[in-house]
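Two complexes, one shared chain (subunit A), two partners (subunit B, subunit C).
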Partner chain A sequence: MEAIIAVLLILMIAGSIYTLHARDLLSAIVSYGIVGFALVIIFLFLKAPDLAIVQLVVEIITLIIMIAVIRNSSKEDLQERTTVKVEGVHYINLRSALYLLVTGILCIGLFYYFVKSIPGLEPFGVHTTRMATTYIEQGAELTGSANLVTGILFDFRGYDTLGEATILLTAVIGILTILRIKGKKV
Partner chain B sequence: MKGMTVIVKKVTQLLCGIIFIFGIYIVLHGHLTPGGGFAGGTIIAGAFILLVLAYGDHIIHLRVRKEDSSRLESFAIFLFLAFALAGMFMIPSVFFSNYYPLGAVGELLSAGVIPLYNIFIGVEVAAALFTVFLAFVILKEEDK
Partner chain C sequence: MTLFVLCFILFLVGMYGVITRRNMIKIILGLCIMEYSLNLFFVLIGYVKNGVAPIITKGTEQATFVDPLPQAMVLTVIVIGLATTAMLMAIAIRLYRKHNTFDIREINTLKG
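What follows is the complex of A and B.
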């Protein structure tokens, strides 16, 4: 299972790198879809069907909305070159070399401590906090819901769900407000 | 907005109802099987988006639909909040308390208020996504 997830992660990284270097916006969006759909398969392998369903459908609708926005832009925008060719002498910039060095040292240090901390963790799927134990053992009888995820989302953590719904409402209000300004003459 | 070809229209005609029913199933069985309000609402919104993309519509109709779905979304989140607030007036006076009888675990009518919350969230998510899509489509139409 871990090998398949590793392959999918490499595919996701390749997709996001291609997104940065794509020739036009449409192929950038399509290659960005690789990230989302690979994530769906990873969620299925990690036994999270709830997340997988939501991720799959949201990915499709986001893709449709993004393509609707892209098709709105003109042909010149789509064929605009994303990379710039610099003419002249190439030399190693001292400042960027310093940045690279510092970032490399930081990454190596973080990776070292990350690897060192892995043996101290519980195995995958074992919960350590007391609250999670209570939720898992008594969730079904306390909420009456056979699906534990929904039971936690709408009963124990009702505030979270209210927050999520409010975020969606605020996002829609923001989009409607921004798109309304367009008709005005400046 | 113009519709698409005959092939797309026919396939939409065959598929759209099934997608819609599947979304309703996911919302109603949210407390029994994986899924729930968010996933089911997104599927229902997808059915509506498919219809608009395949068949197209006049911009005036689209504007009316945008107003309607925006209003429906606000109404659904208001009902969600009202049912959560109703928990304050029940016996254990808690916001978001589960005050209906729980019933047997695994039945369709069980889990107290959770199915109702699922339905409200499903309507809210479907209306919100459809409103966003319609806003972009109308913006594109006005550009012409």
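What follows is the complex of A and C.
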């Protein structure tokens, strides 16, 4: 069980590394699909069927939007090579080397603090339901919903869902505004 | 423990992409990867060993459920993530139409 999830997570990491390094944008987006669909399988293993369904739908819509965006655009990657070839001799590109160095230091620092803070978490598979105890025990009687996730989402935390709907509306208005107005020529 | 570390490595990969890539689409993909790893982390924390999915049916009276609260939160986050991704994509295609490139270092005509 834990081993299967670990293998799927390694597949996700490999897929995301290929996504960021692919030469062609279309293959980058297709390999980004690996990450999302592996996440769907992991959600099913972690006993979260609602999340798996929603993630599947959202993943497909995201892929369609992305492919529609890059369909009529340039698909090449714009990355600088890490080595520059001048008169047959390879030189290290200083700017991209600097970026890599800064990112490496940042990642190692963050990773160190994460590993240091792991003992404060409960180990995988052990969880004390503090707030959700009431939800689990009385959720069915109070909300009348057999699915506890739906009961929490639409009853106990209905205002969160209202805020989510507000964000969706704002995003749609923003997209319409961005795509409608004509830009100034510079 | 292993799963938490792997999940955080996925987050770091996304952050590496956001910092070092030059292509706008790749930056957006990196942001989405970070969001996925966060969703996964929430659900991993709420998992209970030998738990069942939080749906009450016949035969689950004695069983332990996995925590339904992180799942409800993540459900909200997934939908909001779709909205923000669509908005970022709209901005990207808008900039592409104006500048004819996805390269963020060539789009430097922002004037106040």
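Following the convention adopted for this analysis, the second predicted complex is superposed on the first by the 125 of 186 C-alpha atoms of A that agree within 3 Å, B and C clash if a C-alpha of one lies under 4 Å from a C-alpha of the other, contacts with A are read in each partner's own complex, and residues count from 1 in each chain.
Keep this in mind: a contact is a pair of C-beta atoms (placed from the backbone, for glycine too) under 8 Å apart; a residue touches a chain by one contact, two chains touch by 3 or more.
Every value quoted in this text rests on a predicted model; they were computed, and no experiment measured them.
Colleague: According to the stated criteria, A:Ala171 is in contact with first (subunit B), second (subunit C), both, or neither; which is it?
Modeller: both
Colleague: Who does A:Ile5 touch here: subunit B (first), subunit C (second), both, or neither?
Modeller: second
Colleague: Where does A:Phe111 make contact in the superposed view: on subunit B (first), on subunit C (second), on both, or on neither?
Modeller: second
Colleague: For A:Ile60 in the superposed arrangement: first (subunit B), second (subunit C), both or neither?
Modeller: In the superposition, A:Ile60 touches subunit B alone.
Colleague: Using the superposition on chain A described above, determine whether A:Gly144 touches subunit B (first), subunit C (second), both, or neither.
Modeller: In the superposed model, A:Gly144 contacts subunit B only, not subunit C.
Colleague: For subunit A, which side has the bigger count of touched residues, subunit B or subunit C?
Modeller: C
Colleague: Where does A:Tyr159 make contact in the superposed view: on subunit B (first), on subunit C (second), on both, or on neither?
Modeller: Once the two structures are laid over each other on A, A:Tyr159 reaches subunit B alone.
Colleague: After superposition on the shared chain, which partner residues are touched by A:Arg71: those of subunit B (first), subunit C (second), both, or neither?
Modeller: First partner only.
Colleague: With both complexes overlaid on chain A, does A:Arg23 touch subunit B (first), subunit C (second), both or neither?
Modeller: A:Arg23 contacts neither subunit B nor subunit C.
Colleague: What part of subunit A is shared between its subunit B contacts and its subunit C contacts?
Modeller: Shared contact residues on subunit A: 49-50, 54, 58, 61, 65, 69, 140, 146-147, 149, 153, 161, 164, 168, 171-172, 175, 179, 183.
Colleague: Across the complex, what residues on subunit B touch subunit A?
Modeller: Those residues of subunit B that touch subunit A are 26, 30-36, 38-39, 42-43, 45-46, 49, 53, 70, 73-74, 77, 80-81, 84, 95-96, 98, 102-106, 110-114, 117-118, 121, 124-125, 128-129, 131-133, 135-140, 142-143.
Colleague: Under the definition above, what is the set of subunit C residues touching subunit A in their complex?
Modeller: So the residues of subunit C in touch with subunit A come to 1-10, 12-17, 19-23, 25-26, 29-30, 32-33, 36, 39-40, 43-49, 51-57, 65-69, 71-76, 78-87, 89-94, 96-98, 101-103, 109.
Colleague: In the complex, go through subunit A and note every residue touching subunit C.
Modeller: Contacts found on subunit A: 2, 5-6, 9-10, 12-13, 16-17, 19-20, 25, 28-29, 32, 35-36, 39, 42-43, 46-51, 54-55, 58, 61-62, 65-66, 69-70, 73-74, 77-80, 96, 99-100, 102-103, 106-107, 110-111, 114-115, 118, 121-127, 129, 131-132, 135-136, 139-140, 146-149, 152-153, 157, 160-161, 164, 167-168, 171-172, 174-175, 178-179, 183, 186.
Colleague: So in the complex, the part of subunit A that touches subunit B is made up of which residues?
Modeller: My answer: residues 49-50, 53-54, 57-58, 60-61, 64-65, 68-69, 71-72, 140-141, 143-147, 149-151, 153-155, 158-159, 161-162, 164-166, 168-169, 171-172, 175-176, 179, 182-183.
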